[in-house]
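Next come two complexes built around subunit A: one with subunit B, the other with subunit C.
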Partner chain A sequence: MFRNNYDNDSVTFSPQGRIFQVEYAAEAVKQGSVVVGIASKTHAVLVAIKRNAEELSSYQKKLFPIDEHVGIAIAGLTSDARVLSNFMKQQCLGHRLTYGRNMPVRTLVDMIGSKAQINTQHYGKRPYGVGLLVAGVDEQGPHLFEFQPSGMTEEMVAFAIGARSQMARTYLEKNIDKFADCGREELVRHGLRALKESLVQDRELTVDNTSVGVAGAVKVDDGSTKVEPFQVYDQQDVAAWIESVADDKEGGAGAGEGEGEGEGEGMEVDS
Partner chain B sequence: MTSIGTGYDLANSIFSPDGRNFQVEYAVKAVENGGTSIGIRCKDGVVLAVEKLVTSKLLKPSANKRIATVDRHLGVVYSGMIPDGRHFIDRARDEARAWRDTFKTPISTADLASRMGGYMQAYTLYQSVRPFGITAIVGGFDSTAEATVDGEVGAGPSCGAGGKVAGKTHGGPFLYMIEPSGLYWGYYGAATGKGRQAAKAELEKLDLGGPAGGPALTLEEAVKEAARIIYVAHDDDKEFELEMTWISGLDGPTKGLHQEVPKALREEAERLAKKAQEGKMEE
Partner chain C sequence: MDHRPQAWGRPRDDVYGAYDASYLQTNGPKTATQSPIVTGTSVIAIKFKDGVVMAADNLASYGSLARFTDVKRLRPFLSTSIVGFGGDVSDMQFLDRHLNELAIDEAYEHESTATTDTDSPSKTGQLNAANLHKYLSKLMYRRRSDFDPLWNQVLVAGFDAHAKPFLASVDLRGTTFTSPSLATGFGAMLAQPIMRRFAATEEDAAALTREQAVDVVKECMKVLFYRDARSLDRYSIAVVTKDGVELSEDEQLEKQSWAFAERIRGYGTQVV
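Moving on to the complex of A and B:
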């Protein structure tokens, strides 16, 4: 029934000091389709591959606006993501009511981190089975955070989570120095190219299966910064972007060099 | 590896026949895998430092802080499970604020250590929770100034209980380390995490005043030693980032506040640490 005695619940340490239920929850993230996020000096973008259950069904949404200035991309259990998303929306709204301005992105991310951590320390609870990329802008500029089921949250320059996301991460690592000075359009294109790296063979980006989300903090002529609200683009609104990366040489830049597959890694398990 | 618990290690708060709580011991294992944290208490302040292992090239450099300010004069660093550490810090901040609300004065380092030790211990008592997978180092500088309490009415007694004792001083730098069991001790130099053994060996060589109260390191010297010790304790193969904070008295560089060590001083300390490392290689 179980792989070992220590993986029944999230309140039992293994003799090595690991909590298997949390590690298994992290596996659930790898079941979700891939999402990519990148932050530059002026923008934070999220791009995602959507999946449909069958040919005639609709596609599952991957990007969700949280507040004017923040959006998330999800990989894993969608219903868990909705719980976190609702919580984040409420917190942002509450902050806006109390302080009359946008919630700093780090504050928001720390809140879901704390919430998720509790689920890893109390019996009868389970960790969230979803990973998030949180992109937003605040007074400090654009930010990108990764959230994991363990409650771990880290600020990234760029990141990818979900199925086969290692390929996308490899692309991002190769191009990491370019992102800071990228403009809005170029940043989205980098995201889409990273996404393409993670596609299974014979599949490609289409207007049906691709989502793009952008938030920005752009300097205007009088020296002040203006927030470009987080907005999700689907269908025909992403056609031009997809087209613009379509003629990249097969598989995009630096193809076929995935350093280890995202899946198939096989977890080490106590004997 | 400590012996396996043969059935007595499957739930928290269960004693084995020889009186051990295995789940707490396993929580300590989680700490021993984490990046090294150290704290140094010297004559005029406290330094906290942590080795942050860079797990991905995609992490934003120096954006992810690991040493938290709990109250103006209190800092906490920890090794082990980072989300548990954040929970610990949330609670420590609640305690510090509640103390101010109740007593109209900042919480002392010793009292915070006591409160948080009690909190950690509570997570070893029940099967419905697990112990914290962290060891936390709490550093603080309790004010030495003659201070009235916030919102005080009247002068209060001038001697005896609740009053002043002539010639008695109070406050100063303090350092505590709290383990997953809730056990805590005061330290002159504390280390935890993966490189704790090497770090402890180095800390023991330092002149930290000690119980004898001899001459001790200055705060700036302690910053440089802290950086060097983190470099010594570090496993060369992996990349890491050094994060350091310090707390001095009112007359020192941080004016009684817990603050990040200024970039220039940290970089100088890192330069010296690297140089010391290379010197050692050549020997």
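Moving on to the complex of A and C:
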């Protein structure tokens, strides 16, 4: 009956010092399908598995362009992601209008971090039920950031969030030293291999369920950097990449014991 | 003697007469700045091969009175750009404080990455002169649209995103333009023609050396002191290059020659 008195709102600590609403929001992220992001010295890539609610339905988008130079990958409640994505788009546009430049990625990520944190400290509000990987390029080069519903943001070399993402992270940890000097194509392949680690037994990457997003900053001779705008690739555009990682076993993580989180029941999350 | 608290600190009616309340505006529209009060005169700037030179004198006039003679009207921004202010000095001080805040915020945002490149003063990703000019133009335009303009014309010098010398202007209406040489106020009439002789086009400016550019600017400051009645012979001069900003705020005009003054006829004290 009185199982938990401390999870009614996000402003009350439990006696153990936990805020359950925020932890539940983090659970929502684990229910979304897996997304992987990697940054090298020249590129930042996002790759994602899309899910369809049923055989006859279409696949839910996982990657969204924000501005010329930034894109996000989402895991969790799609509708909450839409709110954050709209906010990010507006901020980027506003920054471009007032300063005439691309918004630095860290500045953008800090903004959604503050926005999400406020929700964890006001009675009657709830945390966002979505985690993001934010990939982009600015004057400092490529960046990858993780964003959590708690408002935590952190710059990453490579990361994966979503269902069964532990296996993907294990792959990324094994190969972390290779990423910095990877070219564009090789980085995408690493992403797809990490993604494959997270797949359940009889599922595989197809042109229907795989999305790839790439942004780049390529040094030009005169010392300036040329931005390769963030672009999402779907369907036939990812066929060659999927083919290229079809049957290689490189870095195959020993089918790790994940977190045993599995596919969640009940809550409707981004299918 | 009236000891009532209402009367404390007030001029006595029996001595000075009743207070004339008609000086207090009790109705009518809200009126923001209608005209500048304490003003700075021209700012001049010219591009050269690898940077920009800017100068402005150190005078703040109150009408035609040379009221303050030690006012610094050039200010560096993030030690990569220079902003020069003509027009109202109090609005300049407002902008100065505002830009200080902006610079601090910008420095904090790039704190973690600032250590990566050591030799260049311009931390990659920090607001450059082109970004700053864009921002100021939006600020000035917003204020004029609120019918509360910042009564300045501002020159911004530094480098753009492609590391090319950058020089542009924005005025109290938010109007912007750019040119190899720029001047505000009287300088637009008196100094600009001289600077154009040396830098009519971007190609001309790209051929100028630093020494040439500094000489042209110093010559222009001299002409301005000769012919602009709101000017001073003490001035500030700044040189922006890739190595940063060199700002000298107490220069004295040299090698003045007033011989030409004798030949001026037609106004002033002399009768024909």
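Here is the rule we go by: the second predicted complex is superposed on the first by the 242 of 271 C-alpha atoms of A that agree within 3 Å, B and C clash if a C-alpha of one lies under 4 Å from a C-alpha of the other, contacts with A are read in each partner's own complex, and residues count from 1 in each chain.
Definition applied: a contact is a pair of C-beta atoms (placed from the backbone, for glycine too) under 8 Å apart; a residue touches a chain by one contact, two chains touch by 3 or more.
Please read all numbers here as calculations on a predicted model, not as lab measurements.
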Simultaneous placement of subunit C and subunit B on subunit A, clash or fit: fit
Touched partner set for A:R184, first subunit B, second subunit C, both or neither: neither
Touched partner set for A:K89, first subunit B, second subunit C, both or neither: neither
Subunit B versus subunit C as contact partner of A:Q117, first or second or both or neither: first
Touching partner for A:L172 - first (subunit B), second (subunit C), both, neither: first
Subunit B versus subunit C, judged by how many residues of subunit A each one touches: B
Touching partner for A:A158 - first (subunit B), second (subunit C), both, neither: first
Touching partner for A:P15 - first (subunit B), second (subunit C), both, neither: first
Partner chain(s) touched by A:L97 [first = subunit B, second = subunit C, both, neither]: second
Touched partner set for A:R126, first subunit B, second subunit C, both or neither: neither
Minimum C-alpha spacing, chains overlaid - subunit B and subunit C, in Å: 6
Subunit A positions touched by subunit B in one structure and by subunit C in the second: 110
Complex contact set, residues of subunit A against subunit B: 5-6, 10-19, 39, 110, 113-114, 116-118, 120-124, 144, 150-152, 154-159, 169, 172-173, 176
For the subunit B and subunit A complex, residues of the former touching the latter: 1-2, 4-5, 9-12, 22-23, 26-33, 56-60, 63-64, 81-84, 86-87, 90, 123, 127-131, 133
In the complex with subunit A, residue positions of subunit C that touch it: 109-110, 112-113, 116, 124-125, 127, 130-131, 134-135, 138, 161-163
Sites on subunit A touched by subunit C in the complex: 97-101, 104, 106-107, 110, 138-140, 222-224
